[in-house]
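Lettered A, B and C in written order, each chain numbered from 1.
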């Protein structure tokens, strides 16, 4: 059940509007920071090529060099962006032989950036990759290419031309999508009654985002009722701690200062504190391992393995604490299990990413399930 | 003397220009931060509905959950914003039963956000509220409403449709404006010769903004001449301190490093340090009480009440240190007493917020004067 | 060899496009910060006057009061900005008698801001100043001028009118460009085999930008091969330290954590650490003096002068370590010696800033070469 977004998410009223000749749309996402002029220069380069462009800055304050953070933010934003050219640059390998690429997605967008995995989750969410070209035609780059600012010299110009309608194949030679670099993405593990996940992002409110989506949680333990308790074991370099949290639908449903688990607005499992920072108050850091169960886990002893799959033998567990049979949590980036079931027809036509089958569509394969014994 | 802005503040030259079919204008103000993608997603949702929109970000770095800060920033910006739809979201109650609303102001703007008081000072400044509707028509929302990101799912879509000309009443049922929640706003107290106020905002320069406008100060002690000294007593949890500052019109008129009191560019009483941070150098914090006089106050002794109104008996005071008789400092949000008296006709026609009387206009009532004996 | 940019730097494909009636372009650069509403208010004021404007924010997070930082950022961005009106406001003297000005450059831009030197490097880079006018016509200002926010009241309105085509002379009386204030800019000194420079900016990655351009380095010691070592002596208030760094073309060409010297994407000499902060790891601060040589300098002893020009007598040095004869490193702001030699014709027509000689063009004079014996 890979659900992708082959139409832009917008209001029913807007979806019925006829708007010929809409402005070209671009989005920008970098780790360039807001103090330096780099992000503004990219916008200026785009407008110098495509003066009518509507440009949205998703963020320029991604933590430096964190490709995975940027990939998550782009994945989050993608379904809400108008179809257009989306540039993402977190690029520690700039100036080396890593490739500069532009991909066409099944939804009709162009994703533009370095070939370091950054674009892959968003590509999958926009229906998969139809084709990829390398960016090396000098016609669509600035005349001199620096060794450290390809956002200005290569990516922004390519996106501006693509947004104006220049065909993707003009940018350079085609690339086999299977040669694209994948992202190192921590895939959650769904076991009967147990969800094993990890912290992937701390947002500016201090909310703690997990690698698991709410569908993974429900896959492991079935639907949770409002206010039901869950048990959360967190393990990082500092040790192990156990939390008991309530499953609620929003901050305001617990008193200020109290922690909670909820589904964030992108379908992601998130630990938060009402009007406080969960990251700080619960000392949660990125990449900490998080195990969620409905019953308390036995205490950790000595150098015992933190998670013993044999304890989780389904035949020994209460079926009411497990998720539905046949759930495949590793089928891909699926933000919307559960909630989006009620998606109206016009939002996602359900026909999959390539409606008429006229174009081959390649989706990044699911990352292999991690080996829980290898730590 | 409530002075509101029923015309946009712009240049004389621009006010004479004929510009049919101007672009729809929207502004955004949130506490979502610049690292996360939330603000960019709101912009993208607006452009997906209204591609021609001109969008201005007032700020996305309001301190988390500080509704009053955001209300102050919106109040500051409002007269300078083109008429349009203005979205403000600092919303600790998101997902609970607090209402989502859009108001039409007498100037013709739409203010869009949660019903938590955030929009009220700006509404008053734009001439008062003509009507209010709740945002619950599914036609003008995203198809699935999350429990924690109404900026994306409800407010940005509503504002985009309003900016395009969709009538306010299409958004949902009308609400009685008197049912709107008011903001807890610290109203300054003007006494003969004494102004009692408090710190409401520290800006990024470290300038310390008070709840009082310059009109309040002049109401208490008459016009001040350039360089005249005033005495400032600050009381907070740490204790009481006394300052002697000069009243000047701008930073550059005292040496670098020296403190001053001046009227900021919005008509607000402000304590600053030339090329330094007054907040830091004078240890001033939000909500500290600030008493301003022309003569030094007697020292504080024991647990003596910090401000004794009997000391301020007008009959015992030098009339030259008091403001004009009949001044009503609590008549509402009045940023411009004094300075704006020279406002040219075309800026504010003086006819009040509803020129032809065809529409009932409701303004938020002045907040009641606080009881100085209740602390 | 002063190389200026009388055409916008863009792609070959875009340079051939015919685009009549392009949108007016403005850029904004301030130290107003992203939390306060000031930057957003400037954008709103521009759009209230010129609704079709395409506005790019270069940065609003320049460190407070640092005129030189802002001048560097504007110099960096200028060649990449479409021709338009560029507003820069870092203005500790606001409200005093410093003048508000708008300059026309040979490229056709308008630079708008305070007369405190901030605009001068960008003016030189855009071909020099054709004419300057003071901003004092009330027709093109907001009706009331505050004493502390001329960005809103004077500069943004002037730029918006200029972008729409209002003639510069309508803004106020002409000023003799020679009366403009120059910026205190640390000019590097090129000696045979030795480059004496200083740190002028630390970017958000912690990269350490020097006052010297790569042309200065090559002028002192000839072209450097990829990976060649250079010796760097840093002197600041904390003392003197010596570094041996490799000259490479980008971060990715040394292992993570290793320091390097490279030419940044604006032609500027820069010290960096791959995936780390050179400012932090090497304890480099703004205004530290940096001496670069190909051979180790003798150790510093006692209160010996840190740089003894007699040691650098060309007749005693290996000619292979020196730059080409006749190089004039102080000929002006020359970002592109070396690299830009291959600039295609259409980018810079080589005819200098005033092709037909019809308009007198004034360029800021080169700052005088500092006296290396005066410290």
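Quick notes on this one:
The rule is short, and it goes like this: a residue touches a chain if its C-beta (ideal position, glycine included) is under 8 Å from a C-beta of that chain, and two chains touch if they have at least 3 such contacts.
Since this is a predicted model, take the numbers as computed values, not measurements.
Chains compared, chain A against chain B: the Cα-based superposition rotates one onto the other by 120 degrees, nearest 5. Between chain A and chain C, two chains of identical sequence, the interface residue sets overlap only in part, with shared numbers making up under half of the total.
With each centre defined as the average position of its C-alpha atoms, the distance from chain A to chain C rounds to 38 Å. Contact with two or more other chains is made by residues 34 of chain B. Of all the residues in chain B, the ones that touch chain A in their complex are 32-37, 40-41, 43-45, 47-49, 51-52, 64-65, 92-96, 98, 138-144, 146-149, 152-153, 157, 160-161, 166.
Taken in their complex, chain C has these residues touching chain A: 8-14, 19, 22-23, 25, 27, 29, 34, 54, 56-63, 73-74, 76-77, 80-82, 203-205, 249-253, 256, 262-265, 274-275, 339-340, 342-344, 347.
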